[in-house]
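Presented sequentially are two complexes of chain A, the first with chain B as partner and the second with chain C.
And now, the complex of A and B:
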């Protein structure tokens, strides 16, 4: 190994605070775990650095590896697609020998990953692959349904380490439309902003059949306008992202006005599952109040779906 | 049409007329005379009342117009008032235009019912690029209602640091990040669009456009080996790279001429925007061609 490279690595490691040393070395992924464990991290920093540099020399670190370490030490998120792909694949292969991983670069700096899972003794099943779409430098990845639930933690670990991100957390948001999921998660659905340049008036006044005979009077015109206004405030004027379900798992005690009812006596919470399904759930919810089927404003449990980015809820008594 | 010609008296239209008169005659015969008169009486009454209503409405309108005209003529400087009105209207138009043009300063805003909606218009080298919005709610504490800032820009960090204490700095910082991002993106897009012939492979980039990796040649049809470039923009507020690594994989990698070229390229990438670097490559190529021709 070149002397300049050794010096560079030494200086870079010296800059790392002791508290983050292990995290950064793990993220660098150049020195394997077993080797790192042989090092005494409780000694003085100078001696620790010397030991680490010797290890790097034995592994013949290149300038590129040293540069990678430098990148990781900086706070800046420098995402390298090639490095991500190789890191991701390495992590999966280390855990499972039988796995097929393929990549495809897509638009907007996203990468499509196809994973065919196998087991210790069986070859990967190419007919039931899992697809993951990862957007670089964001904490978001979209995965298709995974039949083998046991591989899910491995997948999320691989994503977290390879992408250099804080823990990638599973969201309770599911839909068949990737674009709608993207719209919700990247907050691209609420794009109406007030500017001086807008030519369209923001408040669209309710047009109640002006062509109709002027002898016909709408008795509930005021109420209709109120419902329209509330709906517009809640849902906005933009097209809603497309979801097919909203599921509420309730574990609450039954509340009733009738004393002495059978269910009111229960001490244990009632468990039930309520599922709303529709070809376009959010548009359907938006049309409930104007159609007169529900009161406006709707329950916040329904209207919070895009804001919270979840359509699977668990509700318990506080 | 055979049956019409059979009638031989004027054709289809004449036939239809005859049918029509036949029908009205038979209708009249079927009608109940007393009911008919009662209905038609009511009908004419309705018609009369409607006419009266319309007439009265028209008269009311006329009288209102007359009153307006008379009060206006009572004023001595009628023309002056009209021109003042026009002047105010003109000023309003002017004001609106100025408010719209504020966009070009890069940072503009509009009062909303909740607070203010700030618009950050990015630009690079005199080209107006995308605009981003931040809708602020003026409350204690100040908060962001919604925004169109991309998720990979560290908005949470910047707002955690400055939003509550120094809103000017918050906006300035956000402007810096967004303009730098837009500038880097613009350079990469220009390179891919205008200088695709110089690229020997795909341009690798990430969401923030702060790590670019590509292979290029100095001449589009060059027989020379390509150079590999790796540009890092560690400072997210700049549009020029902080680290440049150019490598050359040719067989004569050790030759001094290539080493000189490599070093000069590195310097170029450090100091000039991407597309300008390639413009100079193209120009050098032209100069070479010119010298060959002459």
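And now, the complex of A and C:
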């Protein structure tokens, strides 16, 4: 075996934390089980590495095998879930004696955390817990509504430190459906299904939709098609993630075509709040133009919601 | 005693309707050129009656059209659906016997659309061949167009106004029946009754005009 390959393997194995060692070597599957049994995994790391490299040499590991080992090291979740959990709990307990923290591992490197808050003198209230879902491979966590606002900073701090980040930012994105939040945040909502005819002529689609009596004539057929096209370009063919609200806080000066008029002379910005609510907001927005309730294209303030991952906006004059 | 003139001058850009705070400002332009719908510019088709429904909410118009076509009728019915006027000139269409402007009281946008479309209709249509249909009055809390606004608009154009919640199947079916009968009269398929006769009949049962009160 080449010197360089041996060195490369040695350095790669040195990088693996002891807790992951067995998992990675097994995943690599280059050194057979019985050979691994002969190695003493309790010795110091340097010695262990030396033994392993000797084994590799005897099996004549190639550069290819070494590269494979490298990939596996990157791939394995070096994020230590146990360490995260214990760190998270420790931080909370240090600040608040009365708190109940529970964990449940879920799919895809996700952990569900349940926190029941108490105070200095009161036991935790088990009927008003906060749930947090943390996806360890991503920098995102989802929390349920926290009744005790005062505990929010503590929760943020615990999450930040335990997950080895240095800052946490609250996104302006809220919904009752965790799957929709995930779809928006992980940008998974625009998965197109593969079809054989990926370019279906729009004409065809339109006529299939309407069971047209030939005695009914649509005068604005061309406009309708344009609206359908624009809507499809904006929203796509896929089902929209499910949100219930969009809220716009405006702090802008009043603009008017009429010169003079009470509001036009106001120096201070007008404050107003516009809230859209719907059982399925994005689908409702998508159907506005085809239903003739709004012009197409819709305002970008409405259509940017999944892209920007926001449904709570503050709008000020520039 | 002052009587209202019962015949509008031909080619009036309809002037002089009250600018109240409720009706939006409408620039009054006399209808010109090919973009104007005229009632008598084409030959009638044999036993054919064509209605044009104008309104922004396509789904409602489509449902109303379907309901109308379900009616038993000796005439051949045609329903044209348009979002707004003027109509695209490229289409070859039959003579239009009746125009119904559909306004959704829940939407100022739909009212504005109708107001602008009205400019593209020749005044002679308003001698019994035009009508207004307001939908959504049943859900008062959703209404953003005041009832008076649409009443005034219909009054200005001297045309009948119907209130009907098109979303409700029973009401829609009844309305469809009325429209089919009205359409037949406007197309001249009912002997002895003309569109103008019908208009006078409908008008005499109206409540007095707001300005007369």
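As a working rule, the second predicted complex is superposed on the first by the 217 of 318 C-alpha atoms of A that agree within 3 Å, B and C clash if a C-alpha of one lies under 4 Å from a C-alpha of the other, contacts with A are read in each partner's own complex, and residues count from 1 in each chain.
Going forward, a residue touches a chain if its C-beta (ideal position, glycine included) is under 8 Å from a C-beta of that chain, and two chains touch if they have at least 3 such contacts.
As the structure is a prediction and not an experimental result, all values here were calculated from the model.
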Answer with first, second, both or neither: which of chain B and chain C does A:269 touch in the superposed model?
neither
In the superposed arrangement, does A:215 touch chain B (first), chain C (second), both or neither?
second
Can A:81 be said to touch chain B (first), chain C (second), both, or neither?
first
On chain A, which partner touches more residues: chain B or chain C?
B
May I ask you to decide whether A:292 touches chain B, chain C, both, or neither, giving the answer as first, second, both or neither?
second
Chain B versus chain C as contact partner of A:224, first or second or both or neither
second
Show me the residue ranges of chain C that touch chain A in the complex, using the header's touch definition.
52, 55-59, 62, 65-66, 69, 76-84, 87-88, 91, 93, 107, 109-110
Can you name the residues of chain A that touch chain B in the complex?
67, 71, 74, 76-82, 105, 108-109, 135-138, 140, 185-188, 190-191, 193-197
Show which residues of chain A lie in contact with chain C when the two form their complex.
210, 213, 215-220, 222-224, 290-294
So in the complex, the part of chain B that touches chain A is made up of which residues?
96, 99-100, 102-103, 108, 110, 112, 117, 119, 133, 135, 146-148, 150-152, 202, 204-208, 210-211, 213, 232, 234-236, 243, 245
